[in-house]
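Two complexes come next, and they have one chain in common, subunit A, joined by subunit B in the first and subunit C in the second.
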Partner chain A sequence: MGDAIIAFLDTWSPIDLVLIAQNFDRFLLGAWVTLQLTFLSLVVGGCIAVPLAIIRAGNNPLLNAPVWAFTYTFRGTPLLVQTYLFYYGLGQFEWIRESFAWGPVLSQAWWCALIAFSLNTAAYTTELLRGAIESTNRGEVEAAKACGFSKRMRLKRIVLPSAFRRALPAYSNEVIFMLHGSVVASTITIQDLLGVGRWLNGRYYLAYEGFITAAVLYLVIVLVISRGFRMWEKNWLQHLYPHDAVKTNPKKGLANFRI
Partner chain B sequence: MGAIIEYQGQLLQGTWVTIQLAIFSAMFSVALGLLGAWAKLSKNILAQKTAAGYTTIVRGVPDLVLILLVFYGGQELANQFGSLTGLWDYVEISQFAAGVGTIGVVFGGYMTETFRGAILAIPRGQIEAGVACGMNKYLIFRRIIGPQMVRYALPGFSNNWLVQIKSTALVSVIGLQDVVYNGFVAGRSTRLLFTFMFAVLMVYLVLTAISDFGLRWLDKKYSKGIVRSDDG
Partner chain C sequence: MKFNKILTTLGLAVLVLGASSVQAAELRIGVEGAYPPFSWKESDGTLKGFDIDIAEALCAQMKRKCTMVEQDWDGMIPALLAKKYDAIVASMSITEERKKRVDFTDKYYNTPAKFVAKKGTSLNISKAGLKGKRIGLQRGTTHQCFMEKHYPDAELVLYATQEEVFQDLAIGRIDAQFSDSIAADDGFLKTDAGKDFAFIGGDQHDMECHGEGAGIAVRKSDNKLREEFNAAIKAIRANGVYQKINAKYFEFDVFGG
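Up next, the complex of A and B:
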């Protein structure tokens, strides 16, 4: 039975499904590397972004200017070039090559990717968090002031909790953007999901199989992530929805209009 | 710095390729976006489903994967098709065409959403008024929807364009001699990769800054006579 299926696929499938199945464990390993890089850079980038966003939303020009320069540079240039700058560029300086961090960290593709990705997502997250902090309801802050909250307390108890919630929809985009951006890792020799696809195509001299498998797996990951975020949003943003939103179908309102 | 001046010809040439790539793919993506928005808002179920599938796939798969698939797979497919039908002998897809095609298709998906949102933002009453005046669909699109759509779509378009310029860097992976590729080659031969990658970074920063400026000017132009609320 199994042989019959394989023989059938061998003759009739336009792409070599058997080969993909044989190497599927490699693809899963690649997906694991992709998820790892994405998740770790989101965590590191998020930790950098929170204090920077507070600075950006504040009005200290001395602190604000360098943070603005950081976010502007990292948001205005391609992630590919940023990654190249770290991976290929740092070796140009002798003092870096002789420092203790060179061998275990800065000469390793994986670490360079992680550093570049973290800084990149930190820049984007800073700006979207800044927007969320700035759109905090004025009355809430005034109420906190009237209750005698210190500035620190206001941030911790009033501003940040609601800002995080408001930033959630935009942040889900950033997560998917980072996942997409992580393909850059395959250009600096890392065997991530796309890296495995490129390896398969190179090894067996194929044109589609590796890329199509990688594409399908990326699509699955993106769909799972966005589904997860939607559930999360429903949980955390319930108070922001109109009260009768559950009953009315939002699509209905638009259905009448067609061009 | 001296090395950059020495290699400025290559860098400028690469920058020009990048600009061309960005502009052509943007034109392609705007065309696809209009088509996609029309399909998504049409009554035709097949068109709706096709457009929905298109935007899901294109926004779910990373652009580099699609670029590689189109460049290597597309060429193979074209040649298999050619030998099967006998229409052509051997074709080679150029890196530039693969880049413009793929980036155009990918951002067409994003533009579809932008234009769809822009069309839906136009108050319905205006379209009803058009119908009441006896205008047909095309006239309504040309006189009422079209001109206002530009204004509503501009913020989304600006965003897409800024991302699109940066995405063109990925085409260097398939060997297109854009600013990243040329900068990398120059950096490798002079052993000054940091210097050259930094110069490339600056090129992109300048391109983004110029576009930012231009788009802001366009935004001002198209929102003439519109009063914005203070807290908006």
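Up next, the complex of A and C:
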């Protein structure tokens, strides 16, 4: 039976499905590496972005200028170039190769990718959050002031929670961009999802099989991410929809709101 | 009036189509440009190297006008099949796996493969000696096939170009590299970056992986072109052009036995 299926696929399928099935465990391993790199860099980048966004939204020129320079540099240059600079660029300097950071971190492609990706997403997330913080409803801030909240307390209790929520839809895009951007890892020897596709192409000279499998798996990951964010948004942005309408029919409710 | 317009358009279309079919007589050759001394790119963008010279000599022999089309190694065969060029002259070894996709001419050179590591290394190239060691090589080469077959326990680090392999070997990211011995000798060991490195072990060869040598790949439907190339290879071997190009790059005969 199994042989019959294989024989059927061998003769009739336009792409070599058997080969894909034989190497599917490699693709899953590659997907795991991709997910690891994407989500760890989002976590690290996010932790960097929050304080930087507060600085950017504030009006201290001494702190603002270097942060602006950071976000401008990382948003203004391609991720591929940044990754090359960390991987091939830093290795060029002897003092870096002799420093303590070389052996465990900078000599490893995985760490170079993680650092470059984290800084890149940190820059984008900083600007995204800054926009959300700056567009906080003045009334909310004034109400907090009237209640006697200190500046710190206002930030912690009112401004940031509200900004995070409003930044959510834009941030879901950043997450998907980061996932797509993580293919850059495959150019510095990492066997991520695209890396496995390239391996298959290099081993069997079949471009379509390797890349279509990678593409489908990326698609599945994106589907899960965007679904997850939609559910999250429904919860977190509940207060921005007209209330009664949402309970019965959220879509209709939103339409009414616009009219 | 309208009819005239249609006629003019049709006329133009015929002209354009006619022109493109005349252009098709020109031969496009896929080359790599990142594999010294067989092919590399000068800082002004011109392509140089043994492969390039051989390709030009063959074109001259066949009395065909040729243009060189650069292509990354990864996409060499897919781009040939997609008709971005008509033949590959890029040190491509004739192997069974590749013969499933393309046809090859007779070989135009054959050089052995070897390991390279730091001078005085304790590394030995037995199966156990390379277990868990990081071995760099270019993805999609015969060397990848060889390493996966004979050293399944080694950690293979795959690069897009041979130049990147040398770069990471020089700064110690990989324990050794495996490649064509001439490419390693001229592209790395004889350069400043490679002065602390040397070959380890002797020539490595596996007929299934390495094949009989480097040939010119053409699409399976292009048997006429393949035969044309074969005749040209024989001709430049006989009239001394091959030997002249050989002498420009190597001190020995790369055609092999």
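By our rule, the second predicted complex is superposed on the first by the 241 of 259 C-alpha atoms of A that agree within 3 Å, B and C clash if a C-alpha of one lies under 4 Å from a C-alpha of the other, contacts with A are read in each partner's own complex, and residues count from 1 in each chain.
Note that in this section contacts are C-beta pairs under 8 Å (C-beta built on N, C-alpha and C of every residue); 3 or more make two chains touch, one makes a residue touch a chain.
Just so it is clear, the structure is predicted and the values come from calculations on it, not from any experiment.
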When both partners are placed on the shared chain, which of subunit B and subunit C touches more of subunit A: B
A:Tyr88 touches, of subunit B and subunit C: first, second, both or neither? both
Touched partner set for A:Arg97, first subunit B, second subunit C, both or neither: second
Which superposed partner A:Ser107 touches (first subunit B, second subunit C, both, neither): second
Contacts of A:Gly202 with subunit B and subunit C, given as first, second, both or neither: second
Which of subunit B and subunit C A:Thr187 touches, first, second, both or neither: both
Touched partner set for A:Thr73, first subunit B, second subunit C, both or neither: first
Set intersection of subunit A contacts, subunit C complex versus subunit B complex: 88, 91-92, 187, 198, 201, 207
List of subunit A residues in touch with subunit B within their complex: 72-73, 76-82, 84-85, 88-93, 179-184, 186-187, 194, 197-198, 201, 207-208, 211-212, 214-215, 218-219, 222-223, 254, 256-259
Contact set on subunit A toward subunit C in their complex: 88, 91-92, 97, 107, 109, 187, 189, 191, 195, 198-199, 201-207
Subunit C residues touching subunit A - in the complex, by the definition given at the top: 74-75, 77-78, 97-98, 100-101, 139-141, 144-145, 148, 157-160, 164, 167-168, 171-173
Touching residues on subunit B, where the partner in the complex is subunit A: 38, 41-43, 56-57, 59-66, 68-69, 72-73, 75-77, 119-120, 124, 127, 137, 140-141, 145, 162, 166-170, 172-173, 180, 184, 187, 191-195, 197-198, 200-201, 204-205, 208-209
